[in-house]
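Alright, structures below, take your time with them.
Each of the next two complexes has chain A plus one more chain, namely chain B in the first and chain C in the second.
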Partner chain A sequence: MSGTTPSRAAGPAGFAGRKPWWQRDRTRRMAGRLIAVAFLLLFFLFPIYWLFVISIKTPDEIYSSPPVWIPDGFHLDAYIALFEDGDVQAIWNSLLVASVSTVLALLFGTMCAYSLARYRTGGIHLGLWIISQRMIPPIAIVFPVFLLYVMVGWVDTYRGLIVLYTTFNVPYVIWMMRGYILDIPLELEQSALVDGCNHWQVFVKVVFPMVRSGLFATAVFTFIFAWNDFVFALIVTRDAVTTFPVQITHYFGAQSTFWSKISAMSVLGTLPVMIAVGLLQRFLVRGMTMGAIKG
Partner chain B sequence: MAHLSINGLHMYYGDAHAVRGVDLEVPDDQFTVFVGPSGCGKSTMLRAIAGLEDIGAGTIAIDGEVMNDIRPRDRNVAMVFQNYALYPYMNVFDNIGFGLRARKFDKQEIGRRVHEAAQMLGLEDYLDRMPRQLSGGQRQRVAIGRAIVRNARLFLFDEPLSNLDAQLRDDMRAEIKRLHQEIRQTMVYVTHDQIEAMTLGDRIVLLRDGLVEQEGTPFELYDQPATKFVASFIGSPRMNFIPVELVGDPGAPAVRFDADTQLALPSPGGGRYDAHIGRELLLGVRPEHMRHTREDGTRPGVEVLTVLVDLVQPTGSRVYASFALAGTEVMAELEARDVPSVGDRLEMLVDMNRAILIDPDTERTL
Partner chain C sequence: MTTRDTAAGSAAPPGWGRRLELLADRKFRYLLIVPTVFLLLSVTVFPAIYTLIVSFQDITLMAEDRSFHGLMNYQRLLEDSRFWWSLVHTVGFLLAALALQFVLGLLMALLFVEWMPGRQVFITLLVLPTVISPIVAGSAWRIMYEHQYGPISQIIGWLAELDNPVLWTADPTFVYPAILLAEVWQWTPFMFLLLLAALVNVDKSQVESAEIDGSTYWRTFWYIVFPAIRPVVAVALLIRSLDLFRVFDKVWILTQGGPGTMTELISIYIYKVGFQQFQTSYAAAMTFVVIILLTAVVVLALRRMGVSP
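And now, the complex of A and B:
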């Protein structure tokens, strides 16, 4: 904006004194920015593009050197194979396990967070202790968990994975939701109490709508954690509830590697997350407390 | 319609003893104002009445029923908060009707009552708006609307006007007063602003350090302050306190400012001051109880004092003239047409009928 000011200040000559648009500072700055953005986009989007094009290439194109940047046609053979062999079951497994564990983690985590935030349950440091649980590297506990699961017969079951992911996500949910809940003006809840709500109604009618955008943001992260997990799924599943990251490893054979299947499975595995983030983007960025409090 | 009784109330905030033994009656249908400086315990008490704070000792009873262990929602009180406490995700209609929905009123009844309240508060055109689309004054009206639709037996206001700018505050103050005249319910109102207390209250309870300093009608507090604290808190500009010596004979007392200035006191019934003759006391005179001689003749009890003006502050409607007396700076409120100049020698008429004498040891009025 400031680029136009000097030319306008040039005096009564007015527009006659302005430089042609391609020489103006503003145009040049904008062009510089666009080039930088284009470069960054290329850098970050190329791997995704590459992942996608491999899934629609013919085997010859995949192995050709120099690489084929733009494939000739749209070969869906890899996708068809995934569906015909029933390998897409892995996507369904991932979806189910990640969704259920996300819902459970949000449910329990938010209630815990409310208790921590409003009733000071466990003192002020309990929240920190809980989030520290999340910092344990999964690999450190996965074998004890595996032995435990062998004993109770939970290996290769949905509930096994769901319980594991929920356990791992609850501390994160508690930590995030505690922050969102602390941001709610206490008077909103007190006003509801005086107006005729009990504590449970306050939670449902005031706290929940107030933290809704925070809840969605947290949900995206917990879902992605479960969705992307490899270590737990690799150890505690066999073949019945194989999730898609584990399924992908099955395509690395001793003799050959099925790049088209790997890439097709990866595309199928990326889509749900991208769709979810796209749909929830509105909530991820919106501030909900506007207007509640003058300030 | 409710009668509120507070007996021997003690409240604690951590180690702080916020309310230190308050006994109080809030009569039916009256507008009672809790006023005092910040930290005097007024908001704490109000929140205890609503059930939002734990009580240390004592009882709070509404209509004779002890409320100590009753949940906020079962007390049938309504409360308006300082920051409005509107739900930002609900429009005005839903905000006003929130309490009715929580109490499971049927839809038609909610609609009827919300519209009635909106009409009373001039909010009918805003029922579809979200709180963030409203001005501060409108938000405060919505908060009041949410309280009045419930037909609660007791209304609590916690500094509802302190987030508004000066002009709006005056308007809303008038509206709240009018509202009380219309719905005639028991209201308890907390403020730190003595003007709000004076203009709104049928009764004022002045609190200090968790104790009731004085309670009564606005005029009782203004005319007969029990202590120096009340005398200085109520009234603006605040009362002048001048060190004097009580002299004269029993039945005809006078106050002496210095060797050659003294004013006679109207003799109070029963020789109230006699025991204090010869003592150093504080004379309390309000700025508005001093006049310029030119104005009118003298009445019994009005004494003439010659002063040297050293500061003049005109406000348009009034002029504040300051002068030194007995080592203290004293301010008088004069008519606007009487603008004196610095250095003027004025003959000031002091209405000793309305002056008070304070014992400096106890800070209580004699």
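And now, the complex of A and C:
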């Protein structure tokens, strides 16, 4: 988003000389737009509201027909149940696996991106091959990996999941960081070399600080991808390292469905992501399009 | 170049040599890519080759027969109507969702192009569905569709008298609209955000001069605005198609491919064959066919993303 300034200028200019009724027309138009926005907000936010509100309802309020639109008070029973039954372990697993794999993917990815950006290592082919790894459906990637993990005994282990997420996210990091590195002027690195830094020092002391904000944005997206993933976790975990999306599916039973737990677990699983989006507005478009659109 | 390589070190010669020197350290540049290449080779390439081998064998849960059967699994694939139907479901779902997301996203973007009070806050709120986990989104819609306690049944009840509540995710008539709505709900904001970014960058002077010349809103849009945002539209559509081709989680949590096999997408079918029926070799063969089918699309997508600004 490039701020509101250019879009404020987007309104038709030079209407000042028109008749007074136009003023009313413009207000009416704005009112119409705001009403449309209100409907959109209702549509896009209501399901999230509904999921959240279930977690603070009493069982009577959840299983009531007609539904209770606004609950009477905050009932944290669902969250307490998650802690007492040890289900929060799934959140912890998600946190651990997503964080460690994010750090690893950023480290390896940025190194590789620097090599691709500044030395054109492997030409365009290496770059394309790396990014194509990201575009294959996860089920096609994970099936072979599952066979491999069965062979080496990595099914249902932290290292198995961490390695899988790292590998899946490295191409994304490379593609993003390559763009951010190309954005910084080459002269800085050159003069650091002239001043007697070796290549590693240039990379750590010049390049890293310059791409810090891009690195941060990429890290948050990488974390979200690992955090939100379901397919990989479903297939390479059993019960020891279950992540929260897999845990949620366990609450959907054939006989009974634990709505309050689904809801509470979803809230715990969504809060970090919501905070991240608040922090990241400026990078949203670039981050979601692998840098193809700079927003 | 070779002399430059040996000279590469801390003491760099001044002037023209600097750029060359920066580009010349061979050991350093390969050291940088070693971890990534190692990871990709061991976690994607090696398993992919292994899968190819497995697809020529006949491994199941019951019998781990390691002998080779040639193209048996591929032949079975050709005759497996459930596989081809799952491809049809996937492509149909993809096209319908893509069209809906694009049209709705574009309309939303047009609505937000001009300034309005609270614009930035509204945009951030509208983007929320896109960033939450698909499993959370799927759960949210499953609760919405709940026929007894869900809000949608209640709202329908206000509008029309029904003898029986609609079982949204189990009724053959409504199951596709139901999963499409959930998908459109989650990913339209993505389209919206991308198209908005493109629209904001459209050259205002051209739009204004067209308006002064008396062009209508839609004519201006079609002849001036749309050509300007076309590269972004292409990228957005390609990213969404690739994502839609691999949809698994949301449909899985809403229908598990049902009723019957009506909403069985390709990812779901592979999962069922490989991880519920444990026909390992057959699932491997399907995986391989999907990889090959997608390669063409991916190559096309990459070319697009490479040339776009």
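Couple of notes before you dig in:
Here, the second predicted complex is superposed on the first by the 230 of 295 C-alpha atoms of A that agree within 3 Å, B and C clash if a C-alpha of one lies under 4 Å from a C-alpha of the other, contacts with A are read in each partner's own complex, and residues count from 1 in each chain.
Simple rule for what comes next: a residue touches a chain if its C-beta (ideal position, glycine included) is under 8 Å from a C-beta of that chain, and two chains touch if they have at least 3 such contacts.
Owing to the predicted nature of the structure, the values given are computational and were not obtained by experimental measurement.
Contacts of A:121 after superposition: chain C is touched, whereas chain B is not reached. Once the two complexes are overlaid on the shared chain, A:158 sits clear of chain B and of chain C alike.
By the touch criterion defined above, A:283 lies against neither chain B nor chain C after alignment on the C-alpha atoms of chain A. In the superposition on chain A, contact is made by A:36 with chain C only, not with chain B.
With both complexes placed on chain A, chain A has more residues touched by C than by the other of chain B and chain C.
When both complexes are overlaid on chain A, the residue A:193 reaches chain B and chain C alike. Shared-chain residue A:130: touches chain C; no touch with chain B. Residue overlap on chain A between its contacts with chain B in one complex and with chain C in the other: 190, 193-194, 196-198, 288-290, 292-295. Considering their complex, residues 1-2, 4, 6-13, 30, 33-34, 36-37, 40-41, 43-48, 50-51, 54, 62-67, 69, 107-109, 111-112, 114-116, 118-119, 121-122, 124, 126, 128, 130-133, 135-141, 143-148, 163-164, 166-167, 170-171, 174, 186, 189-190, 193-194, 196-200, 203, 224, 227-231, 235, 244-245, 248-249, 252, 259, 262-263, 266, 269-270, 273-274, 276-278, 281, 284-285, 288-290, 292-295 of chain A touch chain C.
Residues of chain A touching chain B in their complex: 185, 187-188, 190-198, 201, 205-206, 209-210, 212, 288-295.
Within the complex formed with chain A, the chain C residues making contact are 9-12, 14, 18-19, 21-23, 25, 28-30, 32-33, 35-37, 39-40, 43-44, 46-48, 50-51, 54, 108, 111-117, 119-120, 122-137, 139-144, 148-151, 154, 157, 185, 188-190, 193-194, 196-198, 200-201, 204, 207-208, 211, 232, 235-236, 239, 242, 245-246, 248-249, 252-253, 266-267, 270-271, 274-275, 280, 283-284, 287, 290-291, 294-295, 298-299, 301-302, 305-306, 308-309.
Put simply, chain B touches chain A in their complex at residues 47, 50-52, 71-73, 75, 77-79, 81-89, 98-99, 102-103, 130-134, 136, 139, 146, 150, 163.
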